[in-house]
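Next come two complexes, and both contain chain A; in the first it sits with chain B, in the second with chain C.
After this line comes the complex of A and B, so read on.
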């Protein structure tokens, strides 16, 4: 074990962090994996050069959801607490971004302040819910029920805010129709602000965020914190006996998952400049579960790939026959749980790994 | 007289909410209490019962018969679903939630595709009664009686019948029951079917008071889940007092602040209850009487 005390030079501390990019809790290691990952990012970065602005804006839309999926992966796949209510934090942060930007305006990079504040609010909200759940020591299926109830009640609450008395400062909540007209993310720049409408500039920002969050989560999951989370998933009693406060770790994991869902929510509002209560409804709440379950919940890479693949598939389905898309999603979910409980991408990655091992011998 | 009237109004409000909670959570509670499976397709079984009831009633069947046929159809669908899907998940309770959610997505959207976004319902029967200056729906009073009848019937079924004894034995010690010659697979199937039928009954009973849309099951979901969580793991001990307490809170808040605060009050109660009484009401009641 490498010592991590504060007396170490900053350079070796960075090396410790980098070493944690690989570890027992994440799949993929060695030059082959990182080479493929680098190629994938390079291809993603080159993509806007080949596609038109609308398609790039659409790809940015896919990237927005990956944060919520990775957060759910941490909460469900790693910490073992199945949350149905990630959309509660998504919608909460989406509304928070709307209210903040409509009141603060878009000058001086204040939209990014609003983004950061919304994520913080969403994370705090998740911590509060997590405190009551995990310190109440409820487990298993009950966590799912409570989180689902939270998101459904929030939806009902926001849907009835139609009257003119429901306003926060300049921002009217607008009930079932939702809020709209908030400014997009705005970068202050010499000679005029840059408005990040859906298009290449927003796409690059999101791509960078996805890479940073993905690598950050890999480091976190392979650190002591991540190892304890996985241990709690496997055997909470033993972890408690070893002297860890299981409740605290679960609550923190839930808060992190909530903050990631909140990041998705605030970015979504900034992307489309609208947010409605149905983003917290039953159907919306089901979608993150589908992405994560189909991709594979116990590995952050599989979650990321699975989410992008399922989203792309879902959208092409919506184009060809929108009404059948949800039926196909439901069937996909059912078949995955029945036939490949680990997830399709995890299965494929394990297969690839085995092929690689064999060819090396 | 004025005092009597306001007391009656409050009792009516309370009874109405109580009946709604008991009727809508019974199916969920039986499946969860007996099998440990959280059925997220609960709302869709309710929708199934309501649709069958409405179609049968409009085809000329008398309403009570139509309601029973709704329950029957939901029960049969439930047994089929148990045989095809749920059977594989008895050792993986978390995965069973996901699977039933998949079923729920398919059912809601499938009904929307096949039957359209709305269906003609049936009117509320039985008219109303006058108490003082206000009038009350007689059908809702019948629903309250149904809720009490349902609780009594379930108690008798599970504690004073052969099926109940076998079912409880199967739940507590499946291996032992199997060794004694019980067909445990059949008992699981029947129990799930019973839960689905109860959900269908809830749909049938409330069909005359609601709009028929494919997502109507969602209106029941929060309330029934909340009742089951507050009731705790032992459904027969916990569900009725949980429904009574929640009905008191919801009816009070609804009367003073409106519908929405009733629902938010329910949610806050649940979060506080799980913080103070992790085992739910049934855990607390059993703990004090032991």
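After this line comes the complex of A and C, so read on.
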């Protein structure tokens, strides 16, 4: 018999890890898929050369949300727990970034320290909520109800922090109007710090982060951990009877999803230098579910593509169609659930796969 | 042989319904044992108590020398108890391979996952079905897949709740052969079963449960000849 990864040399172990970029839990494999993916990233990298700074900054805004969407994909699509409150971790981390940077300042790369700490706090917060939910045997739709309650309670709490007593060090929480004035991500550099305002520099940083997070999630989802998550989605009782602590796996998946939402939240605050309680409100909480469902919750690639497409469509509708944008989003969700429950991008990818296979024969 | 399982004074009631009424039961390591009894006798409840899905009102369960009465289900599985349910508890939307991967991935001891899966596919006669979604296998194949998954956690004791339910006679016979092979590998087997021909094929000893209590225990011949067994099964007293 051949040895497993645990007995392999580091180089071989790295090869095993890279092999997990492809697997049963993620669509897309082979040179055609990776060639297309490379072209897509190359096109995205070339985009700032063809667009003005404002448009590039706006594209960076789209990229920010993909982290929360991919995290929700892990929690909902892979682990089978519909969280309606990822915005709680988004907002928590957004405020954490504001409080930390207003107190620490932007010198010496401290904004990146604040970013890392905000993500860690958001992930930890998700682990705590996840612990009480999953170890408290909350299941099914009740997970959605509890998580929605958490985000709405946070929104309500933050909205009443207008008084001067609501401050943490130098940072005023500012109630309904939210916090502002925090520094953007600031990169220490020879000859002067580089301030990453919305524009090409921030865009490239976010694009790199999206690529790293996407590939990292593919490896994780095709690992032993991912195998167990998908099995829990299908039949948690059987998974427990295979000796796995189902609650622990669900809690960890929820923590990872929370950390990804927190990454979006902290980056959002750094991008616009503001964060308000409405970022944790009902509308904000519902939108990630639309992005993920429309793209396809059970595949991380579909989630990523779907989120970018729906976000761009939503913004166009908001500009040209004003209030109707939300109605269209709701209709899109209903149509997806009724006509393509696996998601539109997954449906299209499967169709393309079939056409490709047929043409090969 | 040493005892692998010892149950003493096990009692469980749901309101006024007593599903285990002070059960004393023991099983030798390496045994092939069947539990029989009419519907409602408490066989499945006894399994759930062994698996930790129900907490007993009284009594103790000792497995492999350790008290497991207070352990959670997954902890009991890690100690070496495994189960195959009456309704196949498989991951229907996943491929046969994925089902086996989840079961075997933490129990390889340096062996290759691919080789282990190939071996189990051969053992369960599921060669060629590796990438088939488990939900579209025939009922018998689903039962065999679940037996393979249950074996994946390296059990010392394998609990089988009606493993041949819904199987054809050929499939039933093949299942019996599989269980003999697993037993020869050192796995103790305790099965709930209604099909007496299958019980005869696999069991060295049989325990009859009735109203949550042990009614009698013996070899299959002793059980068949027992004057009270047919009475409790068929409700007649002319045996």
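Rule of thumb we're sticking to: the second predicted complex is superposed on the first by the 353 of 361 C-alpha atoms of A that agree within 3 Å, B and C clash if a C-alpha of one lies under 4 Å from a C-alpha of the other, contacts with A are read in each partner's own complex, and residues count from 1 in each chain.
The rule is simple: contacts are C-beta pairs under 8 Å (C-beta built on N, C-alpha and C of every residue); 3 or more make two chains touch, one makes a residue touch a chain.
In this text the structure is predicted, and so the values were computed from the model without any measurement.
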>> Quick check for you: in the superposed arrangement, does A:235 touch first (chain B), second (chain C), both or neither?
In response: second
>> Once chain A of both complexes is superposed, is A:146 in touch with chain B (first), chain C (second), both, or neither?
In response: first
>> Between chain B and chain C, whom does A:52 touch in the aligned arrangement: first, second, both, or neither?
In response: neither
> Where does A:156 make contact in the superposed view: on chain B (first), on chain C (second), on both, or on neither?
Replying inline: first
> Regarding the shared-chain residue A:341, is it in contact with chain B (first), chain C (second), both, or neither?
Replying inline: first
> Should A:243 be classified as contacting the first partner (chain B), the second (chain C), both, or neither?
Replying inline: second
>> By residue count, which of the two partners contacts chain A more extensively, chain B or chain C?
In response: B
>> Going by the contact definition given at the top, which residues of chain A touch chain B in one complex and chain C in the other?
In response: none
>> List the residues on chain A that touch chain B in their complex, please.
In response: 82, 129, 132-133, 135-138, 140-142, 144-146, 148-150, 152-153, 156-157, 160, 281-283, 286, 289, 293, 323-324, 326-327, 329-334, 337-338, 341
> Touching chain C in the complex: which residues of chain A?
Replying inline: 1-4, 6-7, 24, 224, 227-228, 230-231, 234-235, 237-246
> Which part of chain B faces chain A closely enough to touch in the complex?
Replying inline: 32, 38, 85, 88-89, 92-95, 97-99, 101-106, 108-110, 112-113, 215, 218, 221-222, 225-226, 228-229, 260, 263-264, 266-267, 270-272, 274-276, 278
>> For the complex, give me every residue of chain C touching chain A.
In response: 51, 72-74, 77-78, 82-83, 85, 89-95, 97-99, 101-103, 105-106, 108, 110-116, 149, 152-153
